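You will see two complexes here that share subunit A, one where it goes with subunit B and one where it goes with subunit C.
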Partner chain A sequence: MNKNYIILFGILVVLSGGLLFLPEKNNYVEESPENLMWDIAQPTRYISTDQVAKMIIEKDPLFQLVDVRLDYDFEAFTLPKAYNIPIDSIITADASDILDIDDINTIFFSDDDIKADQAWVIAKRMGYKNVYVMKGGLNCWIRTIIQPEAPPETAPITEFELYDFRKGASSYFTGAEISIDSDIKKSVNIKRRKKENVAEGGC
Partner chain B sequence: MGPLIPLGQIASGWDFIIALLIGIAFGFILEASGFSSSRNITGSFYGYNFVVLRVFFTAVIVSMIGLEYFDYMGWIDLNLIYILPTYLSPMIVGAVIMGVGFILGGFCPGTSYTAIAIGKLDAIVFTIGLFIGIFIFSEVFPLIEGFYYSDNLGNITIGEMLGISNRLFTFIMVVIAIVAFYLTWLIEKKVRKTITPYKFE
Partner chain C sequence: MHIHELNPKKTIITLTIFVVVIVVGLLTISNPRLKYELTPEEIVELVVWEDGFVFPYELEDVIVGSVDTVVLIDIRNTFDYSRGHIPGAENISAVELLNKDNIKRLKKLQKGGICVLIYGDTQLQANGPWMVFRQLGFSNVKALMGGYQYYALWKDNLGDSYADDGYLLGTADFDYADIAENARIVEDENESNKQTLKVQRRKKTTVVEGGC
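Now for the complex of A and B:
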């Protein structure tokens, strides 16, 4: 066999064998510390529970929820259609399949803000775009969406509108029926139109 | 960082221009490697010429090694490379049909065009047959559509199927290629001794 071929074979074996000794390398582009510091200072990463509820109800296709709590917490209770990526699994390739999707907004949540915020920092550092945190976590979700409190009578009208939305959302997520207060009697004023005079004359 | 078009480094409108340029380069390399000769191609079957196996196997292992190093260097993200879905049974049947066509006609679709480019008559006849085959396949397709899409394994790589890393699989492929090169060299040597060259009178 030609000597040149043997040399070429040797090169191929060395190059392909070298692959086995290379450390695994991640393909994500890390966010610079300066940009990360700037992003952390911004409150724009927070999304309220009301916004999240609205997106779920409206079946918004451009967002996904990621529960960063442990799997047994996730199995006990979570939000509809949420993925479970415990915080120590965010750097894995499986998590990348979920988080690394263009044009999809990822919203992290946990029991409160702390773990979700930590997950957000890790995801940002790994260069994932469009990541957010549900403000207040599941505790706030229960407080505002599942068991909303009625605003005081002196509250502005926007508070009442928000309360109405939350009551509707609560029944949507819990399956409870909306109670209609039968004690309140509403008077309906019927205004009858006066009969118009038949046009007189004509052509 | 690549892939260039999915990552927006090159606008997607350039797809066809790039495909055309790569196609021209591919055709040129095929012709330069002797693939426009049906004798060279069918030689793999008869055992006197394994140039097809050598060229394609070399292209495959060089690409595999190159892509793995590019991935490591961060020049390309292999996760973004499109992987064709594997329909196992239809692909095996298709491969057998392709192999029969290869040995009967002396060309595969790509090499037949390179042979036409240098004016070979047998390649023209082969290409006419190729279009008749495409027409028949298109007409029969509704009947075989169920089978065509059956046995779908998804967008899977052999490494994933075997549960090994793509790098290890690359290494294994290189070893297989070298063993294949050596064995075919032995076969070639043996068969060529028994061939009596045709003498033009």
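Now for the complex of A and C:
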């Protein structure tokens, strides 16, 4: 055999041996720590409960909700059409199937916003784009959307408009009874249809 | 006879160039300044176990100086810092903390067994930076529960916050399912005067089409 072939063979074997010492590569492109910190410093990842409610009501096709609480909390209550990815499952392939969709904005939520924010940091590091956090989580959802408080009489008109939206949203999500102002002396009862909006719609 | 055998040196030259390119490539491979030391699996474990937070009442010993192994860093903006901060805290934003000099200092503090306690306005503000530093291998970086807002409420009697749980996050304030089930909005307290009009709901269309 030609000596050159033996030399070539030897060199290639040595070089291929070097592959064993290369660090394990991920199948995703990680965000650098500098960029990640920069993103963290921006408040743009937070979406208000009002914005989320509006997107659900308008059936916005370009967003999806991800509940990062544990599965039994998710079973008890969640938002309509939300997926459940508990925070310890955020790095699994199943989670990737949900999160790694171009052009779909993913909004994480939990009881408040701390767990959702942690899920966001992990997802962001793993290179997922278009991920957001619902500010205030489900606690804020209940306070603002399900049980909105009327603004004081001296509040600007925009607050009353927001309150009106929230009242409408509340009845949308709960099918609740709405009692209208005493001047009108009438109340409107919206008959509930088997929890369709909240429980069935969300699972 | 193969064509290269006409000039055996050609193969040697090719091999040499090949090896040189590989070696140069390996030597000049980009080496980022900051590298993650924890895998995503490890950071998930960290956040699930919630290890790395400091209770507000533990701050009392740091402020009075009986504990000198803690460096306090206020990551809020300069304006907020100037309006009030925890005594002894330095004002360095989270992004600045990643600077070359600050990383060098953090490494030195880590070696010396000094805890770096970061806080923001709320715990949420410090949460992300805390996770980044943990991922970079700074196991001595911790975050203050409750943040500055909670501290400001209790600063005169921090020790008493031991019995309070107002700073705890990640818990449900409501039984969501129960509330969603029984939700109702009542503006009029004098319900007896009301006439009730029952409206059968029509396929969720009222609000959507209402253009809210």
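Here is the rule we go by: the second predicted complex is superposed on the first by the 155 of 203 C-alpha atoms of A that agree within 3 Å, B and C clash if a C-alpha of one lies under 4 Å from a C-alpha of the other, contacts with A are read in each partner's own complex, and residues count from 1 in each chain.
Keep in mind that, in the parts below, a residue touches a chain if its C-beta (ideal position, glycine included) is under 8 Å from a C-beta of that chain, and two chains touch if they have at least 3 such contacts.
Keep in mind that what you see is a predicted model, and the values were worked out from it rather than measured.
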item: Subunit B versus subunit C as contact partner of A:Leu15, first or second or both or neither; value: both
item: Partner chain(s) touched by A:Pro148 [first = subunit B, second = subunit C, both, neither]; value: second
item: Partner chain in contact with A:Ile157 - subunit B first, subunit C second, else both or neither; value: neither
item: Contact breadth on subunit A, by residue count: subunit C or subunit B; value: C
item: Contact residues of subunit A, present in both the subunit B and the subunit C interface; value: 15
item: Complex interface listing, subunit A residues touching subunit B; value: 1, 5, 9, 12-13, 15-17, 19-20, 22, 25, 27, 29, 96, 100
item: Touch list for subunit C against partner subunit A, complex; value: 4-5, 8, 11-12, 15, 18-19, 22, 32, 34-36, 40-41, 43-45, 47-48, 93-95, 98, 123-124, 127-129, 131-132, 135-136, 169-174, 176-177, 179-181, 183-188, 190-191, 193-201, 204, 206-208, 210, 212
item: Contact footprint of subunit C on subunit A as seen in their complex; value: 2, 4, 7-8, 11, 15, 30, 32-34, 36-38, 40-41, 54, 57-59, 73, 76-77, 87-88, 90-91, 110-115, 117-118, 121-122, 125-126, 138-139, 142, 146-148, 150, 165, 167-182, 185-193, 195, 197-199
item: Subunit B residues touching subunit A - in the complex, by the definition given at the top; value: 1, 61-62, 64-65, 68-69, 71-72, 74, 77-79, 167-168, 170-171, 173-175, 177-178, 181-182, 185
